[in-house]
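Below, each structure is written out as structure tokens.
Two complexes are shown next, each including subunit A; its partner changes from subunit B in the first to subunit C in the second.
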Partner chain A sequence: MLPETRHENPDWLDALRETGAEVFAATGLPTPANEDWKYSSLRKYEKEGFQISDIIGEIDTNDLPKKLLDKRIVFVNGFFQPRLSDQVEGLKAVSLLDWLSNEPEAVQENLVDVGNLSDMPLKAENTAHIRDGVALVLDAGVHIEKPIEILYLSTTKGVEVKPKYYLRNLFVLHDGAHLNVLENYQGQGTYAVNHVCDIALHENAEFKHYRLQNEDKNAYHFCHTRLMHHARSSYETVTCTRGACFSRHDIQSLLIGAEVSCNINGLYMLNGVQHFDTKILADHMEPNGVSKQLYKGILDDETRAVFQGKVHVRRPAQGTDGRQLSHAVLLSTAAEIDAKPELEIYADDVQCAHGATSGALDEDPLFYMQSRGIPKDQARRLLLGSFLSEVIEDIDCAAIQSIFQAQIDDWLLSHQGAL
Partner chain B sequence: MLKIKNLHVEIDGKEILKGLTLEVPKGEVHAIMGPNGSGKSTLSYVVAGRDGYEVTKGSIEFMGKDITEMDPDERAALGLFLGFQYPVEIPGVTTTNFLKTAINAQRKARGEDDISPVDFLKLQKAKTEQLGIVPDMLKRGVNVGFSGGEKKRNEVLQLSMLDPKFAILDETDSGLDIDALKTVAEGVNAMRGSEKSFLVITHYQRLLDYIKPDVVHVLAHGKIQKTGGPELAHELEEKGYEEYINAA
Partner chain C sequence: MSNRFAQETLDTVKNLEKYDAGFVTDIEMEKAPKGLNEDIIRFISAKKKEPEWLLEERLKAYKHWQDMPEPNWAKLKIDPIDYNDAYYYAAPKRDEDKPETLDDVDPKILETYEKLGIPLKEQEILAGVKTRKVAVDAVFDSVSVATTFREELKKAGVVFCSISEAVQEYPDMVKKYLGSVVPMTDNKHACLNAAVFTDGTFVYIPKGVRCPMELSTYFRINEANTGQFERTLIIADEGSYVSYLEGCTAPMRDENQLHAAVVELIALDDAEIKYSTVQNWYPGDENGKGGIYNFVTKRGICKGKNSKISWTQVETGSAITWKYPSCILAGENSVGEFYSVAITNNYQQADTGTKMIHLGKNTKSRIIAKGISAGKSDSTYRGLVRISPKAVGARNYTQCDSLLIGDQCGAHTVPYIENKNMSAVVEHEATTSKISEDQLFYCQQRGISEEDAVALIVNGFCREVMQHLPMEFAVEAQKLVGISLEGSVG
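And now, the complex of A and B:
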């Protein structure tokens, strides 16, 4: 059951898809020979033999996970579901198909600048298959401070192949607009999902962007985010990762305006054979920008996490403050973290710092807590919980903070035996 | 209350305690003094139940129960407390949260209900005022960024809030200036009574001017070498530990 396409495909979109297809045909899937993919192999993913699927089984409200916030926008298998979604005031558009039928020129303006696709094979593949996705567009000065949940549900219900879904997401905040969003990735079964997210923050715009990646443990999750930061705009993102057997998250933040603020943070909790790879670029092009990255995670069993973060400070970007930190706790000797923080600086008047730590849980605090009567498993939970909570302690939206806290608590409790 | 019999303890195959026998009855304050490397801290850790300290012979009995094989938290719930020589930092866990978690964990182990939030806050307020602890400290991560004196005050705060039957104070005087030492000693003295016992471990006699012991033991070469009254501490202060160090 496909939603009706109310708009015929404009020529520019067909051309864009074709470009994506051509580039992807030439590059193929990235391999570890590609520096960006040094620590992550897609061989297992390739063997799964995922196929493009347009099928959306009968989904009603009862099939959806619990609503996390007051307002929710729902996508199932890559397509917007107005029937299952709440109305949100202040939005010019909600889905790409919607927006395309109302303002194709505006969509074109925001979609065509895709960057160099040959460096981003999975984005090229996504571009070849642009259909629907979320498109939240806020006019200048519109403030949506109350967080909105966007649920991306992927199912294999009624699908005979191992399905592969593509979403093309756009967030456009015009001058001075404010938006607060929680993207919630959920699903059941063995599927792959490829999200591409383009964000335009015009002058003085403020975007609080939270993500909860809780895909099925058999799923593959790819997400490529590209952020255009105009002057004095501010961006704060926290991604909580606990799902998928393989996930890869690319974030390119282009600080093209002066005095922007960009916080990219993440926490992850992995067990079994999960593999989670994050690659971040903060590219400072103009003066007095602040960018911070903090990633913290817990790895159990045979899991592996990769953190490649880079702060690039170009010559005009004087007064830049760039920081990146990666901290990981390894609960098993078979778990692995590869952290590669990088600084590349061409301006002289900057403050930049980076660091990475990894290790087992410290025994001293454990004994200290036990000596006060706290049983070892509870002491471990408390220590691990507080380790992760640092990532969420600066979130000023209480609703979002408590959602993340609940995820941490839930994961730690469900691993009580293993801890 | 605490009975240690012929205790032999090894760390990484090296014997540190070599047949230590010690009894601290209810209501008494005992001091253990000894030179560096005599096994003082080992004694405190092994009584508290730290991993890595292997009891090869002998036993530790507390409140009539053999605790030699018990986990540290089980010992704590029975009413045993160790004040650390070097209190540990726990980033991200506030002192208040830590205290509440510890109190409730002990209550749970004893089959009691959680302390009510109101009672907890009342207790905390009373004890922090008594010890001259600024409320801001309670909101910070346990011992994170605390000075040496603040850490020791925090130990005594935990001691007085957890209200154990028996407390070991391991070199509580180290790193304290005289004012902090007095405050800490007052906190301990306020808890003394016929139902509580203390084992004060120290290298110097100074602390014992403020926490007056009933009995003083000299520990050297992994054994109690001598036991006496408070005058023994003064004797040690004058003569030093030489006679015990050379005894072996």
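And now, the complex of A and C:
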């Protein structure tokens, strides 16, 4: 189901798609020669030969994974499924297509500012194929405190080619709005999915944004998030990465207002031949912003993780507090971690720090626990579990915290033999 | 200027050796025409009576250089360099161009010398004052000094000479090691150096010898050309130790030129090389005009087991610094260290750091980098720590701290950390902040002027690096900190 068939297609949207297509045709897929992609090669992805697909097989509630929270919004193969989704009070729109048919001007306002696409080839590609996606829009002052689950299910059911799906997601929180969301990425088969997520946080808005990436182990997952932070807004995100053979997450947080708070955290648990790449930019443009990044992960087998974080403090952004931490535990001799925590600072009255560590699990606490009668397997699990839990410690929503904790426990248990 | 002077002096020294009383001979030397082409390279090579293989290497490098792109990944704004607008075989400055007396020399330069505690006579030499008499005196002093050194070093078996001499006298060793650590294809600046290097230092420390004194270009400045394209090769044989100081206390105050040096260090089993630099080339004026482009490739290899290479640098000069002294830790249990202070003021730019490539088992590296930016300057720490899959038990600790003075400057940190070995432990931490108001207030309250207080605090901030400098340098470096930051507060 293409938007063309469902709605009048506004000219500006066609033009936007065209721009995306032109830029992507010029740039092509990024290669490691591109500094942003220094540690990640898309050659394997290219060889897979993914093709755009519009087919949504027959999916009913039984095909869906277990509901994690009370309210759930469901997307299958890139398109909103009202039939499978719950109603949520307080939302102006749920999907991009709906919002487009109701308030095309508002969509335009939030969609056209795409940034410099030639620096973001995959976002350009997504822009060329804007179809559907999440569009959660909260009017000023609306508070939705109870977390909402958004399930993105990708299947190859009934699809003959190796499919490629595009989602264009928008979260718009007007002045003083509050939202709490858990995005759950799931799927079966060999597919590729390209998410672009634009978030606008107006003054005093507060967005708690959690992500659970549990794609099929044969899937390719790309996600590009761009965040516009207006004055005194606050953002907190935790991404838990377990799935996909290749995943790349770009987060651009633009702190265009003063006194904003931005926490970007993540944990990852990789095994097999998984490759996981995160690139984060916190761009402080106004005074007294606080940005924190904490990424922790464990790598087994032949996996590779990449963390490229950057805190950019521009001249007017006095009083900035920027922190960045990346910690990784390597469980296998063939695993690899590459970190590039970067600071670019042009203001003097700032506090900025970063740290990066990597290595094997510390033997001393392991020995200590064994000497107290805890079997080695269990001791390792406990240590790794507590190592990862730091990332979810500060989540104040108990439901979300327990979902993440369950993911950690589950991964550690299922890798008991390997540990 | 000093390099030209140095060349001049070198020739005088040579003449002295030849003719007992011939030291007043006019030593105006030939100079190659401006520009860079194969003929110039042949000219340089012929001048130095180099063997055929070296000329071929130079020509190969030149060919390669032509197709090489300028490295543009550093956070530096570099005006395009016109490689053809330079002399690649520099002649000493003609007498008529030289200042008549010290009174003709820019007072600012003299002020700096004074602060550094350089004696008046040396000041004259450094400023390139015409009076031949003074120069000859100095040469006499240096000759005696140099000779004493030579005697003593010879007794120990240490070879310490210019690279041109080494090419003649120790061709096998030069052929074996020259370009083995920094190949000509490494980067454009190193490649240019490989094609046109004019002189430099060669050091060989034989097995089991602990070099009886600190070797230094400062002492050697009167003995060889430490010009724009110098080449340094230091080989420490099994179980030996050497500490080498590279001082640019002879600041080239009136030139605006490219300085593309290459330094190669080789440490065999159980050997240790300590390489210290205080760099104070002309940084350009307050408006960012002039100054040296300091594009230096320095790299050492810990070839043998238990070997150690330690880099210490204090970078206060140059308009643009592009410099990454690195260690390849190939030998088992080898150790690499990098201690750096980079101070930028006015419109200076510095992009400096290190690479620690861990290849051998149980290799260790330690990086302490301190960056201080003031005025409208930018300073970047850029470093790479790579742990290869074979580097079992490798260990790295990196700390880089930046200090900002004023709100018009920038301080950046770009570390690359690549760990391919689970048994390795890699730690990196970095902070950026400004001078604490409390500390400043405390000092001022006790009667220390703001400027002195800043110098004091900055010296404290750099202490961890400064204490790794040999004594002679440490005192000077501390003073340099104050001088470099002049005018940055108040």
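One rule holds in what follows: the second predicted complex is superposed on the first by the 413 of 419 C-alpha atoms of A that agree within 3 Å, B and C clash if a C-alpha of one lies under 4 Å from a C-alpha of the other, contacts with A are read in each partner's own complex, and residues count from 1 in each chain.
One rule holds for everything that comes next: a contact is a pair of C-beta atoms (placed from the backbone, for glycine too) under 8 Å apart; a residue touches a chain by one contact, two chains touch by 3 or more.
Everything numeric here is computed off the predicted structure, so don't read it as measured data.
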In the superposed arrangement, which partner chain does A:318 touch: subunit B (first), subunit C (second), both, or neither? second
With the two structures laid over each other on chain A, which partner does A:348 touch: subunit B (first), subunit C (second), both, or neither? second
First (subunit B), second (subunit C), both or neither touched by A:32: neither
Identify the partner contact of A:82: answer first if only subunit B is touched, second if only subunit C is, both if each is, neither if none is. neither
With the two structures laid over each other on chain A, which partner does A:358 touch: subunit B (first), subunit C (second), both, or neither? second
Once the structures are superposed on A, label A:374 by its partner contacts, choosing first (subunit B), second (subunit C), both or neither. first
Dominant toucher of subunit A (residue count), subunit B or subunit C: C
Residues of subunit A contacting subunit B in one complex and subunit C in the other: none
Subunit A partner contacts - residues on subunit C that touch it in the complex: 73, 75, 389, 402, 404-434
Subunit A partner contacts - residues on subunit B that touch it in the complex: 48-51, 71-73, 75-77, 81-82, 84, 87-93, 98, 101-103, 105-106, 109, 141, 158, 162
List the residues on subunit A that touch subunit C in their complex, please. 35, 39, 315, 318, 328, 330-360
Could you list, by residue number, the parts of subunit A that touch subunit B in their complex? 363-365, 367-376, 378-379, 382-383, 385-387, 389-390
